[in-house]
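Read through the structure below, which is laid out as structure tokens, and then see the notes.
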Amino acid sequence: MKQNSEIFSPKSKDLNLARFFVGVGLVALLVLFFKDSHRAWGNVLINNFYFLSLALAGLLFMAIQYVANAGWWTVLRRIPESMMSFLPIAAGLMFTLFLGMHELYHWSQLYNSMDNSVVYDAVLQKKSAYLNIPFFMLRMGVFLGVWIFFSKLFRKASLEEDQGSQSHSKFLKYSAIFLPIFAVTFSLASVDWIKSLEPHWFSTIFGLYTFSGLFLHGIAFMTLAVVLLKERGYLSFVNENHLHDLGKLVFAFSTFWAYIWFCQYMLIWYSNIPEETVYYVTRTDPEWSWLFVLNLVMNWLVPFLILMPRSSKRKAMVLKRVCLLLLVGHWLDLYLMVMPSISHVTQVRWIGVEEILISLGYGGLFALILMRSLSAAPLTPQKAPFLS
Amino acid sequence: MSHNNFARVKDFLLGLYDDEQRMVAAVKTLRAAGFAIYDVYTPYAVHSLDGAMGLKRSRLGIVTFIAGLTGLILSLTFQFWTNVIDWHVNIGGKPDNSTLAFIPVSFEITILFGALTTVAAFFVRSRLFPKKETLVLDPAITDDRFVIALQKVDGSFNEKKAHGLLVASGAVHIAEKSVIT
Amino acid sequence: MAKKLFIVAMSLSVLGYLGYQLVGAARNVGVNQGYEPDQPIAYSHKIHAGDNQIPCLYCHTGADKGRHAGIPSANICMNCHVKIKTESPEIKKIKEALEQNKPIEWVKVHRLPDFAYFNHSQHVNSGVICQDCHGPIQTMTRVRQENPLTMGWCINCHRAKGIATPPEHPDVSRDLSKDTKPIGGLDCAKCHY
Amino acid sequence: MLRPALIDGNVTLKELTDDINRPLNTKPGVAWTIGFLVALAALLLGVSLVAYQIKVGIGTWGLNKTIGWAFDITNFVFWVGIGHAGTLISAILLLFRQKWRTSINRSAEAMTIFAVMCAAIFPLIHMGRPWLAFWVFPYPNTRGSLWVNFRSPLLWDVFAISTYFTVSLVFWYIGMIPDLATVRDRATGKIKKTIYGFLSLGWDGSHRTWSRYEALCLILAGLATPLVVSVHTIVSMDFATSVIPGWHTTIFPPYFVVGAVFSGFAMVTTLLVITRKVMHLEKYITIGHLEAIAKVILVTGSIVGLAYMTELFTAWYSGNYYEQFAFKNRIVGPYGWTYAIMVFCNVITPQFLWFKKMRTTPALLFVLSIIVNIGMWFERFVIIMTSLSRDFLPSSWSLYKPTFVEVGTFIGTFGLFFTCFLLFVRVLPVVAMWEVKSLVGHHKEEDSHES
């Protein structure tokens, strides 16, 4: 294959649109803070986690492909690379949660009011060795620091490879070290940030569930990015077969997500133990149940049925729509993990205009960073071994 | 075999090859020269032959889908009928219509129907059955030979030209064979 | 071609017939409906329970007291037969058994499925009459198993009779019955434990 | 090259045909004969003990009122798990276009089928009246019709295992048809020719058939992949749907699936290290294959380790007294030693595979695979035994020890497994010839997107 060293330069139309979204989102967030600060913090958490996991998915995807010794994806490598460049900003946004601890995490109030025993909760007392603010923030710092560290390592090795240095074994080593670390840190992080919203509830599969969502929508985003770049005239060498591979991954992981979803829901339903069913009792009550069903329809049923025939996995337009649906679907999934847990203080029952605008703002910010990173290096990795 | 020929005897001109690439190239040349390829016999699946011979993609997937869907619907309705309508029993306080609990069995039946029906469809379509009189043209096919079979259709078949093309494309051996169908 | 079709059709019908027979056999595992074995003594329920109107409980003394109705012991027979029909060869068999102190080897007719608990007294005291399960026993010269005695047969009766609601747990049952006695249930553990 | 060659040396198609066909037409060697006799002896022990159990009943087992199932269900889960590697290799790796699977998928699939046979024995005996085993199928009956309970995970097992067995068998057979034709064309002797001729269904190597055949294989792989996941998912639900602490945990389904793959790959290693040596297949089942398998063992072993940690952490995090007790009991209770064995074998041992030396030395791999097999058996034992022996009610706590009959039956299943496997390597082509040939035959690197 001929070396392709085209450079991505974003259109000003795209840039302006992203900037506009950032502005609108910021205003919406400020307004919501005055209206209902719990709901605002809920939105911050949803979007922080959403875009953080999108960035992480880039890093994870690269690491997995390297350990698997796969070659087909090399032409697309810049996209996950650029996705992970959002990590530092995502980390910064995550740290703002410190200000909203009491609005989001019921256990943090308990921790503060232990002395004057405003709330006494025997179970939470037991957990306070883990669920307390200093340790929570410390863990957050460690997790984010480690992820950022690895993302920098990968990026550096990748750029060095463009200059002709032999990075393959380096990539392999980083990936092998990163993957186990990621497995532990991400499961704990999802416990900390999401599961502890409902601190009495527990489910061992939860870390895997958030991971499956992360990976699914990471791939969905990559596919979407490929199609969008192609629409703008880049990545001309990406052909139907590459799309087919991405389509298969989207299909497979959508089903994987549904599998994990089913395992968690069905086992909790079947055993019917009160301290576990509480999670689903909230989410299947009539006010939320339509979203609960929609979640499964958007993230699995529709993509599954559409992507089943071979031909649809090879069509850019089909993939684009399915991936958009999945990206919205994953947001909904997170919304359902977060909002019902804090609903008793916010009375939020509906996805309002604010939610949409704030998410668009986050999306704009993510797009800006992504485009900047994409334009920083040639769109195709230069001198990667699998390309020769 | 998709050829519908009512002739009792089929005459074939066979070109034997010992190399995949040469054989595929020969198929392309022959087709370009206007010859219909009756079939190619190979020791393993040669992917590029699909394109070279101009074969359509198999539609077995549709069979699988329909059979699987049938299995799914049948098993779901059957479980619903037995547990809710025909003879419901209160076991462990679970509701009679425990659709969630019906999913595992329905899933298995879907797979079972899909797999078995597809295999059956494959056998029927490819006419594979025990004691079939095989068209084994050469035992070396199941070893290391690739054989291009051209049927000598009455009138239109230019044997000389075909022979020449086979030789030119690197056939290691050329044979003729008649098969009674 | 026609020959091939014929062979296929024949083998399919043979297979179908065998399958039908197989399912039929599988269905009826352990079902002895209509079982009417020879007994060591030609005792007739028709004469005793039918013509002479002897109450069932006169002989089957356990039916309202315990799990088993009980086969009457020989001395119950002899309550009457010391005086009545003493010369009958069948009665002589009873006498013989008594003298030699050997039990009469009656052949058991009614067998419930394995692993099921059944208690006569619960049923008798809840107003189930003997004929509900044993059929028109007062007309039988030789005892015959009238009903299938399968689980489905039991449950269908339990369903039909309904479940009485224990007054202290008004929400327990699905069906309400006028009878206040607890006369049945549909849980597995009612019979299988 | 970044990717190692898939088979060693330059083999021609003819050599390949001859090498794989040789065992089918020659007298067995000493190693095979000894192995077969040992396996047969174990099988006979098993058969006689099964007959004894059927006659006397399962009172011959060490079960009691508290521990209603123990050794049998442990062995059942163990054997079903072993089977998973076969389907994984043949189906999932086919979908992912991992070409290294071609040399080993045939034997791995055979392993699946034999392992599932071994697994099925245990629930069958545990029924107590195995002659009534057909009661597990939903057919109209005189018990109601008392239909089978579709809400019970045990019934899901019936459907999962029988579907799994059927589909695996069909997949195995379908994959073998072209090779059976190869054997047919080379068979000496009338009986052999007839049998292989019958089995190969008149396969003539037609490309029109090949084209459809490849589509069929992809479809079957696509069906077998979710199937294999569902099977161990359902097996895990035998436990996870209950309310016993340590059993009811939502991570069970994926964790059991990964554990099954882990143990299955260990068994594949055990078998292949021996097979390649005894059958002289080093050329086709290379060190590269063993290394690839070793990597899978490393990954799955680590995931299993992560699952152990997740369970422990969540038990503590739950703040639930019973959960916490269940896991404390696992580690320091009367069966604590089994937990220690489990952690050592399943989590610590595979970590040695980080070293290339370990991954590429067959003898070391063999030892390691045996250790993992033992560890995975103990994992099932730990899960089943620790939770069951000490549940909510201390007065019903009890301990369990397997009897001679149980241990003997377990040994008997190994006899069955190895007898079948040893017969398999003598009568059927042990390497998928046509698939390896397609690698040999393609001169050019075939990484382009072709499927």
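Every chain is named by a letter (A, B, C and D) in the order it is written, and numbering of its residues begins at 1.
Quick note on the criterion: a contact is a pair of C-beta atoms (placed from the backbone, for glycine too) under 8 Å apart; a residue touches a chain by one contact, two chains touch by 3 or more.
Source: prediction; values computed, not measured.
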{"item": "Chain pair showing more contacts of the two, B-D and C-D", "value": "B-D"}
{"item": "Cα-centroid distance, chain B relative to chain D, in whole angstrom", "value": "30"}
{"item": "Approximate Å spacing (C-alpha centroids) for the pair chain C, chain D", "value": "49"}
{"item": "Separation of chain A from chain D, taking each centre as the mean of its C-alpha atoms, in whole Å", "value": "35"}
{"item": "Interchain centroid distance [CA atoms averaged], chain A/chain C, Å", "value": "67"}
{"item": "Junction residues of chain A, two or more chains touched", "value": "270"}
{"item": "Touching two or more other chains - residues of chain D", "value": "144-146, 226, 233, 237"}
{"item": "Contacts with 2+ other chains: residues of chain C", "value": "152, 155"}
{"item": "All touching chain pairs, where touch follows the definition stated at the start", "value": "A-B, A-D, B-C, B-D, C-D"}
{"item": "Chain B residues touching chain D - in the complex, by the definition given at the top", "value": "1-2, 20-21, 39-50, 53, 55, 57-58, 60-61, 64, 68, 78-79, 82-83, 86-87, 89, 91-92, 94, 98, 101-102, 104-105, 107-109, 111-112, 114-116, 118-119, 122-123, 125-137, 139, 141-144, 147"}
{"item": "Parts of chain A lying in touch with chain D, wherever the complex brings them together", "value": "69, 71-72, 122-124, 126-127, 130, 168, 180, 183-184, 187, 191, 200, 202-208, 239, 241-242, 244-245, 248, 255, 259-260, 263-264, 267-268, 270-271, 273, 275, 385-386"}
{"item": "Residues of chain A touching chain B in the complex", "value": "262, 265-266, 269-270, 308-310"}
{"item": "Chain B-touching residues of chain D, taken from the complex the two chains share", "value": "12-14, 17, 138, 144-147, 149-153, 155-156, 159-160, 163, 166-167, 170-171, 174, 177-178, 181-182, 184-186, 197-199, 201-216, 219-220, 223-224, 226-227, 230, 233-234, 237, 434-435, 437-438, 441-444, 446, 450-451"}
{"item": "Residues of chain D touching chain A in the complex", "value": "2-3, 95, 226, 229, 233, 237, 240-243, 248-254, 302-303, 306, 309-311, 314, 317-320, 447-449"}
